[in-house]
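Below is one structure, written out as structure tokens; the observations come after it.
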Amino acid sequence: MDAKLLLEQLFPAGQRVDFDGQYFSGTGQTADGEVAVIGTTDAAAIGVELAFRIAGQVLEIVRSHPRRPILLLVDTQGQRLSRRDELLGINGYMAHLAKCIEVARRAGHRVIGLVYSQAVSGGFLASSMLADTCYALPEAEVRVMNLPAMSRITKIPVERLQDLSQLSPVFAPGVENYLRMGAIAELWQGDLAACLEKALAAAVGHDARRDRGLARQGRLLAGPVAERVRHGGA
Amino acid sequence: MRDWNTQARNREARLARAAHLTQGKTVEAKDAAALLSAVLEPGDRVCLEGNNQKQADFLAKVLAGLDPARVHDLHMVQSVLALPEHLDVFDRGVASRLDFSFSGPQGARLAKLVAEGRINIGAIHTYLELFGRYFVDLTPRVSLVCAQAADRAGNLYTGPNTEDTPTIVEATAFKRGIVIAQVNQIVDSLPRVDIPADWVDFVIQSPKPHYIEPLFTRDPAQISEIQVLMAMMAIKGIYAEYEVNRLNHGIGFDTAAIELLLPTYAESLGLKGRICRHWALNPHPALIPAIEAGFVESVHSFGSELGMEKYIEARPDVFFTGPDGSMRSNRAMSQAAGHYACDMFIGSTLQIDLGGNSSTATLGRIAGFGGAPNMGSDARGRRHASPAWLKAGREAREGRGLMPRGQKLVVQMVETFREHMQPAFVERLDAWELAESAGMDLPPVMIYGEDVSHILTEEGIANLLLCRTDEEREQAIRGVAGYTPVGLARDKRMVENLRDRGIIRRPEDLGIDKSLATRDLLAARSVKDLVRASGGLYDPPKRFRNW
Amino acid sequence: METLKFEYRGGRPCNPAQASALAGVVGSGNLEILVEQEPLNGACAVEVVTAAVGFGAIWQAVLDDFFARHPLADVRISINDVGATPAVVSLRLDQAVNAFLGGTA
Amino acid sequence: MTQSYYEASARERLAAVLDPSSFQEILPPSARVTSPHLRQLDTPAAFDDGIIVGEGRLDGQPVLAAAQEGGFMGGAVGEVHGAKLVGLLERALDTRPTAVLLLVESGGVRLHEANAGLIAVSEVMRAVLAVRGAGIPVIVLDGGQFGCFGGMGIVARLCDTVIISEEGRLGLSGPEVIETTCGVEEFDSRDRALVWRTVGGKHRTLLGEAGELVADATAAFRAAAIRALALTPDLSLEALEREHAALGQRIERFGDCHDAVDIWRALGIEAPERLPLLEAADFNTITAGKRA
């Protein structure tokens, strides 16, 4: 979905969002008050500048608007692939963004992620995946890598990967797979404003993704193994 | 009356055709194609300098780009086919016949062109054979050689990679052929003269410095524990027992492991000063720790190795260097030394059969063996004696009532399985099939079984000198062939017999504790360690660095 | 991938320094070997999971020789292999058993 | 000869970095907690799924530690591998050790179980931040053969410090990935000097991405880890604002630099091209006070 159309549907009561290239930020009006919005469009490749800018906006919200909820609308093809980004330490910028989101959470901001278009590996990791809860639109694409590229690297025939992807959510692209594995809490359909308000009202707790993955039978080992390590004898 | 001077007059005609392109001996790079078109005639025998390391890459490109309507049916005589252009000349119809020694990375394409009838191969020689024939019946009419620099008069400085240049130029210039050199730069005065100006007709400054391949650098990080074990066996079971002091090492991780064990394991056995003092060897970076430890007294080289320049310059007692400090290598001289002056060759191979014949030839590739057959063969003409040579000769002749004579140690060192579980021991070499499919006169054997003195694997050492019958020899080979089909088919009782007689020796028979065979024994475990050992003088190529 | 099972009898009970020991890494040309004490009615049970298919006879020969060197009873040996050569397999087997019996990891 | 950290296995690293014989593994190989996904794709599994987690002591202090084994699938994170790391970090919330040590060596997410791996990495990220939020420092050691890339490259920078050797690498996209996607002109991954100049330990240290450069020796890593035990996590808004300012300055000062050497020169280091040749101690002396 187009970002502007999405914003209209999310905030029928009004929103003030500024677009600057592939980056946008602003506020939207809900029944419970203002929500801060930060996002990217056009499957942005997230390089050092963009990560830095999103992080700066998060910090600004924490500084100036205590407890205002933050909605992350990051449309990304992943991290920008370039030698310059690596030279400047892009992983440090991604980590910085993640830390800023954590600081917001710890300061009492609700942080909600919504995948409305594309979410790919590094760009997804450092943004929406760090939200308290991440949602998606049904038409969204979520992946680490497409199957042909995966086949080239793992040297497993692409036909075999395609066959197995029918049986297992564990490696193939697809928002449904991420839903089953618990990383996406719910798909938002119909009245998006209502979905948002419901999400804002939901209780905040610990990282519930592996519990959901287990309950939805998409990720059977993550929870039990982590529990065994947490509580087991050395 | 017969004209005894046709070659000289033909030469004058060629030079006259090119006169308008030169100023003195210098030709502009942009005129290189015109120069070659002017001096070459269809059917000429041409040597395009292709070495192990330095390549006349600019001239190769120009030659391959000539109009085949004007220049065709050249007969290429060159030691190494290293560059794609070396085959492009055939692909484009500029050349049609080939005599060479080694094709390395071009082996598969060469096989294809031969199969298509685009190349007519005269023979695959050893380096010494080919060089020899330059002076007998394969003398180049035109040679395209490569040097580091030239002065205005046309004297050449080859830099550390002299390699084939003197041999090629000598054969060409003194039979009234034409010598064209590409150089990286033209200077007022050279650091030293490797080729005198009056042997050189044209000099072209190439747009880019010539390409050099770092062929002899082995990263110690990739040496396995098994290779360490085999190196321990080589040192204790062969080097020490025969007191091997003059030797050549084949290229590879097996021999690099031996080089890196000299300052540690060999030193602990008290072998410093008793083995490995004189070498015919490219300047292997892996030899640095042994040099620094005082094992090595001299090294003469076929060619140099990238990154070793400053180190070599700082160790003139060890290496052959000019007054300018840089190495003077020479492939022909070093090959002669490796054949006649060395007591041992040790190297690896891909396949060994039950006769001890070994080959690196594989189907679909025509690669040749370069210098290995010269190194890895007994020098039947040798007369001078040494303890190693005499002992090997004694072992081979004992109890047979033969005229006393020495023998070279030729050691094949292989793991029983290569990667992907390819067995190194086979009933029949792939070389047979290759010979049939490519219409060769003989299967391409790198080292003939009759020249092999020892086979060394992780399972043990088979001393073939001590075998008295073909059956013993076969079982000795099976007895070190591990779990390959050849090894599993051994006669266990006979193998134990051979072991009792010392023909087969296991690590434990040599007093080697296998659990000590770890990478900790290596005097350098990384390229960085080699740099450290050199006191910062070794400057490895970029691809070998992790800093 | 292929799973191979072998069982050896006639070994001697051992007195391991630790209940289990591991040698090697599951990487190209390498393997990991886990040696564990387990009541198996005096047997030494070996299970090999290998990425290289079709080398059962060679595994048999390598393990026969191993058992001749180390006749162990009531021991389970579990192997994950990525195409290690017999030389590497034998080396890791010896390392694993030495750690198991001698107690150094 | 000193023991090389780069060459050591994950198990050997743990044994050498922690107090002798102090390490107690949780879910050891005999527990056989392996990846079912690999088997499904006909790929051999490892009994520990390429990561060793447990408790030990460092300089007498109780610590939790994890070590990734690069030899197994490049240390890549799969479902089990990631869950063991998450569980260990959460264990720290219960047992409150002096610190958590992460001996990282990873190419990032394991493609054979890519979705599970990606989610696991984000759970590790959340867990690292939770541990630090509880006042327990998380210390990264990076000196293995495969470096630390992908999601683990982000994880490393969420921690209190990264102790790195010259051989260590830290980044997001590996040079091979960039070369494959963008071409050899963008990043020649075979030019190893360029690779290490860009993502290697020395440049990371000068940029401030790593806290300390050590020699490639297990003892050096151990000594630096002991020093790092004194760190106190700070996830305050002020700390993040300071970091933000520093990262902004980095783009401003070095955003136009083409090569690491340009950055080092801009940092005021004389003859920066010699830095790659220096041993760790000399490097630290020469670059003291000249880090971004």
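Here are a few things to note about the model shown:
The chains carry the letters A, B, C and D, assigned in the order they are written, with residues numbered from 1 in each.
Criterion: contacts are C-beta pairs under 8 Å (C-beta built on N, C-alpha and C of every residue); 3 or more make two chains touch, one makes a residue touch a chain.
The model shown is predicted, which means the values in this text are computed figures rather than measured ones.
Where touching is counted per the definition, subunit A and subunit D have no chain in common. Chains joined by the most contact pairs: A-D.
Overall, the chain located most centrally, as judged by its C-alpha mean against the mean of all protein C-alpha atoms, is D. With centres set at the average Cα position, the gap from subunit B to subunit C is 42 Å.
Averaging Cα coordinates per chain places subunit C and subunit D 33 Å apart. A straight line joining the Cα centres of subunit A and subunit C is 46 Å long.
Looking at subunit B, one finds that none of its residues touch two or more other chains. Among the residues of subunit D, those touching two or more other chains are numbered 42-43.
A list of each chain pair in contact follows: A-D, B-C, B-D, C-D.
Residue ranges on subunit C touching subunit B, taken from their complex, read 29, 52, 55, 57-58, 61-62, 83, 85-88, 91, 94-95, 98. In the complex of the two chains, the subunit D residues touching subunit A come out as 24-27, 33, 36-37, 40-43, 53-55, 79-80, 82-84, 86-88, 90-91, 94, 109, 111-123, 125-127, 129, 133, 150-151, 153-158, 170-173, 175, 177-178, 181-182, 186-187, 198-199, 203-204, 207, 209, 235-237, 240-241, 243-244, 247-248, 250-251, 254-255, 257, 259-260, 263. Partner subunit D is touched in their complex by these residues of subunit A: 48-49, 52, 55-56, 59, 62-63, 79, 81-83, 85-96, 98-100, 102-103, 106-107, 121-122, 124-126, 129-130, 143-145, 150, 153-154, 156, 160, 164, 168-172, 177-178, 181-183, 207, 209-210, 213, 219, 221-223, 225-234.
Residues 221, 519-520, 525-526, 528, 531, 536, 542-547 of subunit B are the ones touching subunit D in the complex.
Subunit D makes touch with subunit B in their complex at residues 1, 4, 6-7, 166-167, 190-196, 200, 202, 276-277.
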